[in-house]
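Both of the next two complexes hold subunit A, though its partner changes from subunit B to subunit C.
Moving on, here comes the complex of A and B:
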């Protein structure tokens, strides 16, 4: 993991956020500085355990003297900076970015985004009033094994899965962004199936996906029969039993059945990342009935 | 081999030979066991800048990039196949599906200058002849587009043979200022033999480099700064500041890059320079390297410029043989070499950070600034990047001094400017004019209007620029006047539209251009360009926009200007907004 904003020298800088003076260590991102004074900022492509790519632009803020808005997740604070997080321009951009996303992909499994869309008054129906219907991603789910599915109709191209698969965690490089513009998609080479790709089924892409575009097959199956009930689920923290590294697991159980496994993003050993055994190797606890743990690879 | 997963598909002999020839046996294939972790990653990056040449070789060999061919490249360069596929699918000139028939593909330009010259008819004509046609964005030959003859820009992508532009076979007659001794930048065009170093020297070539070496690097940077030279690509950043910043960086490899990825619709000035005076570009880049202390020179040229590429490569080869490049470039005591990289059909790669990514072998996606290229440019190392026109000015500056240079132009826009005249003008072509010349004078220089002869609008600065109307004919062509009057010089495009032209059709095409060319990285631009295009299509179909849709035009524009990563998104709505403001769009209140 690249700790991009870890300050190397213990100095503090002073800046103004929404009229209040804020002091934070040098090298802190604007986003973190906002967090330190309880200003909530929407994020999508940003995550604690990934290098900022600042592509979603939903966290933009206005910085005095800058012509364009700046991504708060990736811009480091500077002494004397004057930041506005709730100006008309900021609100407009956040509203429009969310609206744009909602107009092209399905966001019903992204409650955090839904909340922000409501907050900023995003109205995705504006684009469907056309005689010419608004272009959508329009992808059918890719179901290629029993472990996880990819539903790119929900993909907002935040690059998180690519980062988790590549330089930020797994170094497997099974997926990358292909194509260009609105036709850009997360893909393996020549769109081969995952078993035919470099994928090692660590599932770290699932762990970072913010919209359910990549999800456990168990979750997908339950959702498709309308039986996915997060509120009824229990999360149990435990330690993976496969090797001696000590990865912490969070077992999500619904009706006393494990339905998915995650790891805390802030855990010192995993930073939220697991391997195939920790992520998927829990059927020995509850053998599937009938046993269908057939891997096609 | 290293820890890359590569499928069983293998390359055939043709593909292997093509890739090996392109890479020139310049490195050893890594085959020993090696974990592709941090150390492996850096090793991988070491070869990665050869990915684009290798993909070009595959495309040229078979007419597409096959899974086996891609595997061979990936194994050779140690690039993960998924990433290489992502790169290959980014570019217009590469295809990753097997063509039904393999053979030359004729790219025909459909952007504004060619569109109004009748490229639709030309495409229909070629298709009727059974020619494999690809509708292309601007090919940078706008001076050839002529509604009177029906000629439009074409580029043939070869399979097994070289890419070519058939019009290049004809003697180049479209430079109308040939032999004018008062020209500062184009005086050699059409006069010098572009394939001969001896001829270039006879016409004053390499005197500037000698002068620069005699002055020393600091004095060159000072002269460039004092001259007031600013970048001619559109952003008009002061060149002296850029060079001084790179010169001040110590302890890391440094680069100078000639941004020859001229792709702004309506722009062809750099092509004319590179084709007809290539040694000047090489000499000027060498001076840039000397002044900034960079040892590595790069020329990133768009893939659709085969003649310019060949002439530049020839110029580099001759300069190397003559000792003007190499370990002791021109006796300067400094090492300086130049490598050429061809782009592969992506407008965005003209954006400087996207160009770096492309050259490094990654998708041509712009990077956030800061950090700026002067500290984190190519390979994250200090880089000065300029386009050929900007560089050419330096030849003049080091020979006649900053004061001499400032004797032309205005106080705030010193020197001369290359303008690309196209559209409904009698003599389209590139013209060098002194800053301060009025727009009306410029149009007269190009022989005045054709078509109906009644001016409707002028597109200034290309698709990323803006439309103006006849009330601007008195505007002096300077950076300050353009800014004051709410338009831009951009890359020097002056495209004239007369009143018989359907402007809505032109606007729909401009919107389509941005939709096709957006890299897709950031949300405002990726989705905004599509929604803008949809709005224009609805406008075309309905003849007007409802108030709600009119509001959308503004909303889309605002978020793209405010929140996009790079200049592409910041400018992609300019032309359409300006057309609406000018009242060029019936049915849409300004």
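Moving on, here comes the complex of A and C:
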């Protein structure tokens, strides 16, 4: 009498990255293989808890014998593959991609991207002489409720929010990319307001947004009065107080006050995703009285 | 019936299962992140059957929705059992080795033919047959349920009926197969594990067992009462009889949450002494003689909670409690001190380590391991034990290790206690909405742009028959009372059934009309089935 299980057989693949031999399980992405030997790769549209969509081209590497640069986040390793992550061609490509993104989008709330732009010497100001390409959306932030705001001047169209809202997690499909070219943007159906859309306010789009284009209203308000101070913030890991699923929360606190909530992407219960109660339901701990933000419990 | 008070399976298993029976659960709204695991299972190819009187947002993701009448779950499960046997799809080797009472079960379910079940449940026989065959023939299959199963006067029978199906097919004790009751509160599992039950010491050790009790007495340094206590429902009965004269209520709001809540409030008001320890001035606290303000367990105090997959995880203090709010364990320690017992000033970790010394299933879970390993699933008896992703693997061992095989249970279809009548012709059932929670004490703290649930959902046919329009305010009455509320006309609720949430007692005091008939084994009231009448306000003389 046995309940049998097939053991998973793992085959190993050997490849060369920047001159060193690397062995990883078959199916590993080049990006993960680089990570395993401490080679840091810039990413934008990739996230640990999402399926790669291959749109940003920030993570490209050179693979011997391939005509084009390949996105390391989505390409699986192959036996005998020879990968260059820091060739002149790779550096040049990453520099240009970051410049293009930065020339049309506000990236001052994307410290990770800024770090890479500095690393590759990206200079977005060199496009300023041409009046056309440096256009921003020029839209005022969409503030439609007290939970979160959308500021599409900061949107790099990385699709992460679309994926988190759709197939990769929430399966709600409230948002998609509408329009083409310069008019492309993330939108609800017919651009209706969020409460009128299919949105269920899980805020998983906020959780994955790399540029602050979608952010907590609490964060937006504090930034508006120049009082958002990440260096003074603490992150405490705990468990949500609603239902019995046991989602881990990271409470971001500033001045002994919760200012936003995230969940770790590597947590087995949530994979970084939350529902409306977990993401926004903490406010009863400290009913806020804006603008003083004094607790009235 | 398998000898443990917890769900059998890990969340990840539902991603790798083949057939899902989602029974009496709107997990999409009540357990949204668990439902993400279900969605992964569906994306991986699983087939889902949703058994629910309502076509819920969860049911809309199912391959088949079996919209049974409220309270006919036993008939449905017994018919599925009968069909599995009749089609020779039961797991004979497993039944012979790991169960007992099969012959009695087979004889007992014989009258539950598909035709009879269709008549009772209102679900087409062919759909019941399909679900039964899919479940029985799957390599791996899980049954998930919530309060749609338990909040009935025969909730325990409902659960046993589902367990029978697992026993019949061997969908238990294996990765990907199991029985998954989803817990409604972040530590309802942990509360039971810690002995917050009238008949249990921590770790499900019996209070009536001399050996178990002696172990605790040695550590506590005092004799323990060997008699089982009362659960909440019996406490309220005892208040009515006058045998309970004082109550100490910690983190519970029965003045709003009890069925027939007007009756519950009268009983609480009649106590000689009511002490309430809570983070808010709840309606129960307003009735109290003494209120002890406490800190928020998951954001202002350290400790542990246990989830629906038996995972013990750390909660941590992130902010300072306001004003005079103090930690629960400190308040209780001070009370003990006033009563002449000195417990010192233990930290949450000290208390946890004491628990580990007394509860074998928690013994291997140090704070250090909980931190390093992202929580651990009980049982975890030793420091090097990895925890238990699923339970009851022993059922598949050649030698059952001296344990009794699992018994089949014989359950009878009864239906709801409160029958529909000319006077009360509609069925009322209650449940949760996505963005709110229980009596709203916590969830009213944030402004949700999508908040609904203070309306009565009605089928367009029922509404038209009464001349009621969408949004109209009406009078809703049961044998226990009446409330005024708005109507939301919507087609996902079947004809004859109405639904509302219990999240807004200040707006709609719905539990003044729900039924307080309760299960004699679990103490849970039949929140899911009251008989009501809906009237236009003008007709009721209220306009």
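The rule is short, and it goes like this: the second predicted complex is superposed on the first by the 277 of 297 C-alpha atoms of A that agree within 3 Å, B and C clash if a C-alpha of one lies under 4 Å from a C-alpha of the other, contacts with A are read in each partner's own complex, and residues count from 1 in each chain.
Everything below uses one rule, namely that a residue touches a chain if its C-beta (ideal position, glycine included) is under 8 Å from a C-beta of that chain, and two chains touch if they have at least 3 such contacts.
This structure is a prediction, so every number in the text was calculated from the model and none was measured.
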Which partner does A:276 reach: the first (subunit B), the second (subunit C), both, or neither?
second
Touching partner for A:54 - first (subunit B), second (subunit C), both, neither:
first
After lining up the shared chain so the two structures overlap, which partner does A:268 touch, if you call subunit B first and subunit C second: first, second, both or neither?
second
With both complexes overlaid on chain A, does A:20 touch subunit B (first), subunit C (second), both or neither?
neither
Have a look at where A:89 lands relative to subunit B and subunit C in the superposition and call it first, second, both or neither.
first
Quick one: classify A:156 as touching subunit B (first), subunit C (second), both or neither.
first
Contact residues of subunit A, present in both the subunit B and the subunit C interface
167, 171
So, in the complex, the side of subunit C touching subunit A is made of residues 11-12, 30-34, 36, 39, 43, 61, 93-94, 97-98, 173-175, 182-189, 279-280, 296-300, 305-309, 311, 313-320, 322-323, 325, 374-375, 393, 396-398, 434-435, 437, 441-450
Can you tell me which positions in subunit A touch subunit B when the two form their complex?
54-58, 60, 68-69, 71, 74-75, 89, 92-93, 96-97, 100-101, 103-104, 126-127, 129-132, 134-135, 156-157, 166-167, 171-184, 187-190, 192, 196-198
Which stretch or stretches of subunit B touch subunit A in the complex?
4-5, 7, 36-37, 41, 67, 70, 80-86, 89-90, 96, 346, 363, 368, 515-524, 526-531, 534, 537-538, 541-542, 548-549, 552, 555-556, 558-559, 561-565, 570
Any idea which subunit A residues touch subunit C in the complex?
1-3, 5, 144-147, 167, 169-171, 194-195, 199-202, 234, 236-248, 251, 253, 256-258, 267-271, 273-278, 280-287, 295, 297
